[in-house]
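Across the two complexes that follow, chain A remains constant while its partner is chain B and subsequently chain C.
Our next item is the complex of A and B:
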């Protein structure tokens, strides 16, 4: 006896219905297929990324080294230096893209992302403070996370007025972001240049020097947050119809919104904590995902994550290898990503 | 009344307009007789507004030409056109905080130049426009604080200040209640009669057009079906062809202009099945927004298993009442019960399985197709892992077929026409599968056929399945015909409630809406019919064209 009863939905192309005792879902398999294809591309790109560098390794050599075969030198280069960085790029890209997707759906405004509403600035202020005052750099991610989380809480509390109005959330976020940036600038001129310099580099957003500790932290957190984010798209879809309609559909508005804000902030905070504020990924990747795959749903959220990973990994490869000097990845996401994004908007003629 | 030899400053010759290769107006030739009121009528999407916009030089036709005073309008400079022709667009919005006088002064723009201070002539024109529209007292009020009728008058004052002999108005009465509608139409008639202005307007409501116009142009699929006097155009066979709805046409017993009543396609068949636990009880209800109390101590029963219509002038608290019943608004005092249970207690989801609301003007997220929207109605029945059970699929299919949406199921909601979009949202409320349906002005943007279609569907849901329906309606005659129970509201209080035949009387209409009307019985259905009376000073008689304005324009 089959545990799952599944069938193609006759009247809705591209969808498949899965039903069993506990589950009854209709899934957009086309989008999941897109996500699968993007994942395969991601795997190939990741492997290729690990062949590059001053110590060049053939493709097959990388594959062997990852599973623990080959000479010790190669093993060290691949497993200690390159693999953690690649995995970090993938996870951070996914987290940023999903966070942006939730924020854009939540406020029904496609021009919003965690870096626009001040979450990244909060992480930035704390991190810069941490660096210039010479605290233990091992705890830098924790400080940045605390900054992002506190900022998110402050925005939420200041926006609350018997409920959360999406437009007020954006305005409050922009205001708080400006304040925090002023604080960061103050710290940058207040302290000696040699202490400020690493802080400035951190603020550009970089995944240089990621290690297995970072990977473990990221994986652990994302394993918890990402599935919640995908599950919450069910409520997000109802919320996107507008507050009045969502309420008359029986959605507990403020609870749903709180859940979504917390998960989106957590995703952004995790990413910013480990890599610094990387611009544009959270704003742009959700757009590209929607252009390719249609309106937000659980499948589209997964696809958005994979696309974000692909994008940040590509950007990091360019940052690291394309120019004689290696750059922070945040420089590349802005310099390459933004024009490409404008081009896409122009080409696809989408309404924003 | 109309002669073919009459002069005409504005006309179109073989005009064709297309949006994205979709033809909207086909090879259309039309002359606007000077000094008259011409109304363009037609179903949603027939190209009425498009035609008006190309007459006003806002849209450039793909073929043919628009001729103003013997010249191609697109060869004339914009300012020159704006001195001869004023256009009031649909749903114009004023900048925040601007006062009435400020808005009206902007109408002088085409007569001014950059560094020149307002001349005496400008000031006079503004004063005259304010006086004509009765806005002199309100000149220092911010436009956003005005009522719908006042706001529309302020906009009309602005294009009056433009001092153009030709006025083009796109649905000037759509958002207004009947008193304000009559007020605006009377103003338009007065402008024509006293000042000889030529007026072209697009209207939604056939009966309003009959009352207001000298000439009616019936437009369907971008072509003229017929043009002539109201009596020539508004007759049953043409209305059937124009809107696809059978109509009865009566002459007004006192004033003679034709009055059309669309016939329901659904015969009234007996009593609905009994439904006991779906009555809505409202007790000492007070509710509002912030400090402003909109509902002042309302007690009312909305009967189970019946169709209730709520009517009343703009801003009387109709929507607030409905939103409070639908749990979107918390009462400040008193309570609302549904089948004996208090509405504002307990889980939102459980409540959403008992009562669905079709709200006003909702928007779907980009990319949502009709089926996505209808399926959203299943939210209160779903769980995180159980979103598409057989029951969900069946309810969505049933809602799609009831609302005639099967062929549109994969269409993007944003690409639908107004009528189709309203059906899609109604489909969502139906998929919610609730015994009680609340509809907030479900017919506002719809043409006659779509209105009848939607109300017939609501009636079928009531008569065949015993669902309780409560709706706010704008059109008093539709409310009188479709409702079993009528609630009349004024100023946040209930002015009257009961069966339409008992409640609706000339006295009530005067007291609540401030209008003079004759109430007769519809010979076919027996329901009361409200025929607004002619206001004596605004009889439509074509006046000679205004000489002074002719001079000003040249």
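Our next item is the complex of A and C:
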């Protein structure tokens, strides 16, 4: 007997159902195809990104250097400088976009993202403290991660009142975020300007100076978290039908919410820890993904991740090369994302 | 105003003319008590700080100024402007918050939460950076424009869709717009070290180090706007019954809304211009006041004015005391005190819908 049995889903065009003895999975292959196309684009863009810079390298040269051929100078530039940065942009963009997608589904509100409900503020306070007091910068990601995780816990605990209400979660998050920002503001005036400046830069969110250590850390963490996030998407879909329906489908509501919140926060925390709070990726990319690929599902979640990677990589290229001064990537995501997002905000409210 | 047009809860529940009069008397007494509180907190603000100044010197500094006395010079040049600005900004923001809560019928309405303060901040930082403006009298108008623009965008976004602007929709639109404007503001600041050094002290929200000349520029809008708001209590009472009821009672709701919105924008723009974005005074104060005097805006507004003045000036004094020898900025203190209040509200009330 075959372990898996593929069949075209009779009701939904564009889907196939994968059955095994224990689970049946309906796969939206159209969206997976989208994801594949986006991945190819991503590869091309990433390669192109590595050709740019003060030391310009032809396309073919980059490809060669990545696999370890070509002259040593090129090898150094590509493999120690450009490749880690590009990979970091891709991974962080994917993590942010998926995190935003989960949050938006969870609270059934398209205007929510980890930066709105205070997670980034928590990472920010810890990181700014770390920077201005002059601790070892190698441990900065750990500090930021701790801040994000503690904040997420505080928000969860303070929102709990016999259960988690999505709207209460938003408001509690906004409150916590405001308190943490007050702390960050205090630190920023308490210390001399030359110590504060790097902290302000960090708060803009940038992936400047990423190295292989960052890449390893990111890859390791995301390899664990991202599959869990994709696997939990079906619970998110059930939750979106409303609490009553979800419960009657047999979903343990609060446990599902906890799992989703933890995975979304973990994704956001990893991204923020390494790059600082890069705005608007988590907020905006899920919208574009939904617009292109339709309502949330496991496949759409993957597609969202790839789109996030594309978006952040593109933004980082603009931040690095397109302008006379090299800016933190967060400035570009803000500037590019904002006008589009204001429009979306309006439209989104119409639909909610 | 006759007693028959007092529509709100407490009065009618107690019933009877005698108890109504007693209520008015006790509320007036409360107002007097708060006025005493304002005087007390003002004296504290004049006397307390890294240099503690005796009451006698405070008195002399105010009324028999002796230029040779160091303490009295501190009073005149530092503490007095700071106190006056604190009182005015606190009172103004609280009245603006109460007015916004009535107009939007939304318990979370507040200049900082709805993005109005960040609009003003962004406009001011832009003006400072690009046009090289340095004094509040120059950038005040940018503060107004920014506040107005942000308020319009947030209201427009939150009003779209079914059910109009619900508390959560308004708060979210405000926060998203704030984070957007915040990102742009920090980008501008980063481009220039000098702007960063100046702006970081202003963006944190503080009433320290502003001169009285600054205050006189914004006072007409800040104090004037708040005073006009005080006279709108009756209109806000009717408005808070809902649009349909208000219109059925013969009120031109659109006109009142517009008037109130303009006043709120003026107050907020002026407050941000002089003190930076100070949050949560406008949120917490009206709620505290309503818990004391009930929902009648004819009382809520004057109470808010005084309680807000006490809140902000008190926060300023606390900020000077707790972190000696340095200071905790007023905006930091109000956020640390006020944000838990938002969380409390979120847990208490049925804001969810």
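Rule of thumb we're sticking to: the second predicted complex is superposed on the first by the 330 of 352 C-alpha atoms of A that agree within 3 Å, B and C clash if a C-alpha of one lies under 4 Å from a C-alpha of the other, contacts with A are read in each partner's own complex, and residues count from 1 in each chain.
Definition applied: a residue touches a chain if its C-beta (ideal position, glycine included) is under 8 Å from a C-beta of that chain, and two chains touch if they have at least 3 such contacts.
Since the model is a prediction, treat every value here as computed from it, not as a measurement.
Visitor: Since both structures carry chain A, what do chain B and chain C do when superposed there: clash or fit?
Guide: clash
Visitor: Could you say whether A:241 touches chain B, chain C, both of them, or neither, answering first, second, both or neither?
Guide: After superposing on A, A:241 lies in contact with chain B but is clear of chain C.
Visitor: Answer with first, second, both or neither: which of chain B and chain C does A:258 touch in the superposed model?
Guide: After superposition on chain A, A:258 lies in contact with neither partner.
Visitor: I'd like to know which partner A:139 touches here: chain B for first, chain C for second, both or neither.
Guide: After superposing on A, A:139 lies clear of both chain B and chain C.
Visitor: Regarding the shared-chain residue A:322, is it in contact with chain B (first), chain C (second), both, or neither?
Guide: After superposing on A, A:322 lies clear of both chain B and chain C.
Visitor: Count the residues of chain A touched by chain B and by chain C, then name the partner with the higher count.
Guide: So, of the two partners, C touches more residues of chain A.
Visitor: If you stack the two complexes on chain A, which partner ends up touching A:33: first (chain B), second (chain C), both, or neither?
Guide: A:33 contacts neither chain B nor chain C.
Visitor: Now for A:43: first (chain B), second (chain C), both, or neither, which partner does it touch?
Guide: Touch partners of A:43: none, neither chain B nor chain C.
Visitor: For chain A, which residues belong to both interfaces, chain B and chain C?
Guide: In the superposed arrangement, which is not itself an observed complex, chain A uses residues 350-351 for both chain B and chain C.
Visitor: Quick one: which bits of chain B touch chain A in the complex? Just the residue numbers, please.
Guide: 323, 326-328, 347-353, 356-357, 359, 362-368, 371-373, 376-377, 379-380, 382, 384-390, 392-393, 397, 409-410, 432
Visitor: Using the touch definition from the top, list the residues of chain C that touch chain A in their complex.
Guide: Those in contact with chain A are residues 108, 112-113, 153, 156-158, 160-162, 168-169, 171-173, 175-177, 179-180, 183-184, 186-187, 189-191, 193, 196-197, 200-201, 203-205, 279-280, 326, 328-329, 331-332, 335-336, 338-343, 345-347, 351-353.
Visitor: Would you tell me which residues of chain A are touching chain B in their complex?
Guide: Chain A residues touching chain B: 11-13, 17, 19, 22-26, 105, 108, 231, 234, 237-238, 240-242, 244-245, 247-252, 290, 294-296, 350-351.
Visitor: Give the list of chain A residues in touch with chain C in this complex.
Guide: Chain A reaches chain C through residues 109, 111-112, 115-116, 158-159, 161, 165-168, 170-172, 174-179, 181-183, 185-186, 188-190, 193, 196-197, 200-201, 203-204, 279-280, 283, 325, 327-328, 330-331, 334-335, 338, 341-342, 345-347, 349-352.
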